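The structures come next, written out as structure tokens.
In what follows, chain A forms one complex with chain B and a second complex with chain C.
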Partner chain A sequence: MRHRLGLRVGPVSFRVGSDRREPIHQLRALYAGYPAPDAAIADHTVRLEAPRPWRRWLRPQVRVAGDHELPGAVPLPARHALLAAEMAMNLQLALGHRRHILLHAATVERDGRALVMTGESGAGKSTLAALLAGAGWRFMGDEFALIAPDTGLAHPFPRPVSLKNESIAQVRAAWPAARFGPELAGTPKGTIRHLAAPADAIARMDEPARPALILFPRFGAAPALRPVPPAEAFVRLTEASTNYVALGEAGFRALTRLVREVPAVALDYPDGSAGLAAIERCWAAL
Partner chain B sequence: MRYRGPAADALLQAPLDLFTAVFHRPSGITHLLAEPAPQILAALGGGEMDLDALLAALAVEHELVGATREALVERLGELTAAGLVEAR
Partner chain C sequence: MTNAGLLAAVLADPARAEGLDADGWAAVMAMARAEQLAGTLAHRVIGLPVPEPVARWLADTLATAEQARRTALWEAEMVRRALAPLGCRTVLLKGTAYVAAGLAAGRGRQIGDCDILVPRAALPAVEAALIAAGWEWAKPDAYDDAYYRRWMHELPPLIHEGRDRMVDVHHTILPLTARITPVPDALIAEAVALGNGLYVLCPADRVVHAAAHLFADGDLAGGLRNLWDSHCLLEEHPDALEVRAAHHGLGREVARAARLSHRLFGTDVAQRYRTLRGSDAPYLRRLLARDGWGRATRPLTRLGFYVRSHWLRMPPAMLARHLWIKWRRGAA
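After this line comes the complex of A and B, so read on.
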């Protein structure tokens, strides 16, 4: 690969290579300030390459390759190479990481305690994490919560926040000083724009926090708050985990401990500001 | 019909609320059990019992009185289907 970038995000290191300059250039800008991998060999390798040689020039496309691949994945147009890179990094982690239990969740921290928000795509995890970070919480990640099986601590994985469609303007309005990547229009998920992780999130990426609240947000519904009993939280978290089955007994111990120690609530919220206000109320009541 | 439960070290149990999460080590499968399933597994205790012995054990050791044979057979059927109990 002619163009390369090595970087570490929390406890995970990546090596990204491409036969095109732009994606690596865009990644460098989005990941400015991230440390290089500690060791010569990165945990995960991602390659962004043209699916056919002529696709470097003619209606250019990129496909992602790496240690783990999804068979039949459709190449993306080269103008969406940044999205391809982010998706590929997620895929490598989701399928290859074994040191932590991975939850598809956004995490923020305040006063040494972590709020873990998990839900399906569209539930508003990323938007809430970005709005909370803009309101002074420490951003720990919007894609994966990394829970250490031995300690139960949440480890930061502060990648750029993937914001979609209406949430882009919403976060820009709420947080004018935030730094964004290029706008990626017409992706399979609509318009996507990455919000660079705040400097303090990067500076403190090796500082874990103890989970204090598990939140199951649902965007676009009438306001409602409901305590989630541990067994239901356990089932929902096993579904939100990409490596629960692979971790076996360690995953079982980690998740049962998490739901027994940490309260969980389901939050329906109509918009970002209502969501933020409800979260602050939940947090204050802990 | 006789029923055999898994050995005690084959299961990892975590009571959560009304439900108990159970990790079955030989299969690596997680189960979520409601009463009286955890009590049935504990009463079988890795051994083999017929229905009468199991009913008596549940009443004495687990204070599960009033369990009917029909209900117990149904629960045992579910546990057998889940691979946690062997019927022979």
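After this line comes the complex of A and C, so read on.
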């Protein structure tokens, strides 16, 4: 395709092609400092293309396309191409990746140990990860935790953090030096702004960490903390995984090992600072 | 213009892979994904010296294909258990049949639905047995349902409530409305028993069915994968084709499959299939209409084959009525 970009994020690499210039331009800015794919061959192909030829010029749109596509996915207006690119990369990983078990989770690390936070959209994973990164934790990713089936280690996948609506201002206030992508207003999920991954997250993207705590956060509820028994954690993690079924036995082994070795807690929190404080308490008690 | 010829060349002769540069590999991988031939490619080139990222991709792809094989065989076993009390022959078709019979065409193949063929007289009992065992209608729509039952070669698709896998129950291999009418009784009578109580088509009928599926039904979506099936089936059983194909009225389709498969994959076929005919040209264009980014190319050729698929499937008046109903449904 005319405009292209190759990049590697931890153990996964992409080639992104676009028939328009701006999306690649925006991606280059947001992914400054990321390495190119090993040997210039990427694991996944992502395409940002007009759904119909005239949609390149007339009310331009982009469609999420690539090795894996979702039938019937609605195209986005071209001004949201960056969001389309992020969605397309997520989709390739979710449907195509087999080397790790994928958990829809945000991961941060301190002292060589990883905190894996998983929950549905709106649970506050990304916001908590950004706030923790601002407070000195290493950011490992806010979309997928990659757990290696053979070692049980969590591998970093430090993409830009996708912040939505109120959390944008909250993270800016907590972390004034952070670098942001353009504001994407009026997306299906409201206003979105990408926070570039911190420099040390990119520099250490090949350094895995052993999971020490699994957290199921829930934003907007009265403060509560509850230990989650392994059987419940297992079921919740199968629901949070995009490739558990596709991995077959390897997926089952990886997840049962994870819940056996790593304690899990469910955390309800009313706001970011209360969440942070509760996480620090849990962490100290490990 | 790049096309899927590069992918076909590597499938035909894996040694060609050793000459690929980074862009060449990226193109072959993307085309293979888009044409549902990734697992097949992986089986062909595994063991050759390839760049490290390609080796990783191959390992992932093989793991995916192995899981697909295991899932397909399990689904076939579930169908067998559901239908065993009926005592009628259950013949596996396409991908599931290839892996169940251990055929070359099944190596690395992506397998979607579980396709089976049963005697038409047994359809009501088969349907009832599957529903009793947990399958349910995937498309509960009165017009579609009536359309399938009256005109199609299969029941409306059934999906299993727990395993989320689809079963397509065929009673013949082409729609009843198509101009060609194969002989389903012969397909079932000649079928070969597997050890587990299920059947697969006899070798010659496998070739006939693959060619029918490719050239007498549908718009050639996934055509390259289906032609690869034909290639593998023809290489394994090159004899006794034509009598059988003529019996089912599919001699022309089988001959075209033999010519195109020889052209793209170097299939070992009789001398008369070693040169293309003029009428093969649009098929060749359509089969290779894919670029190095995995994009569909040649929109006009594709449109032509889309129109042709409807033309093959039903007489003009019926087609007009069908499209009218579908269009009104879409507009509503």
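Odds and ends about this structure:
Everything that follows uses one rule, which is that the second predicted complex is superposed on the first by the 286 of 286 C-alpha atoms of A that agree within 3 Å, B and C clash if a C-alpha of one lies under 4 Å from a C-alpha of the other, contacts with A are read in each partner's own complex, and residues count from 1 in each chain.
Keep this in mind: a residue touches a chain if its C-beta (ideal position, glycine included) is under 8 Å from a C-beta of that chain, and two chains touch if they have at least 3 such contacts.
Note that the coordinates shown come from a computational prediction; the quantities given were computed from them, not determined experimentally.
Residue contacts after overlaying the shared chain place A:T191 against neither chain B nor chain C.
Of the two partner chains, chain B is the only one touched by A:T256; chain C is not.
Contacts of A:Q170 after superposition on the shared chain: neither chain B nor chain C is touched.
When both complexes are overlaid on chain A, the residue A:G248 reaches chain B and chain C alike.
Applying the stated contact rule after C-alpha superposition, one finds that A:F234 touches chain B and leaves chain C untouched.
Between chain B and chain C, C touches the greater number of residues of chain A.
Residues 248 of chain A lie at the contact with chain B in one complex and at the contact with chain C in the other.
Per the touch definition, chain C reaches chain A in the complex via residues 22, 25-26, 29-30, 33-34, 51-54, 56-57, 59-60, 63-64, 67, 70, 293-295. Chain A contributes residues 1, 13, 15, 17, 37-43, 45, 47, 49, 65-68, 96-99, 246-248, 250 to its touches with chain C in the complex. Residues 229-231, 234-235, 238, 245, 248-249, 252-253, 256, 259-260 of chain A touch chain B in their complex. Listing the residues of chain B that touch chain A in their complex gives 12, 14, 16-19, 21, 23, 25, 28, 30, 32.
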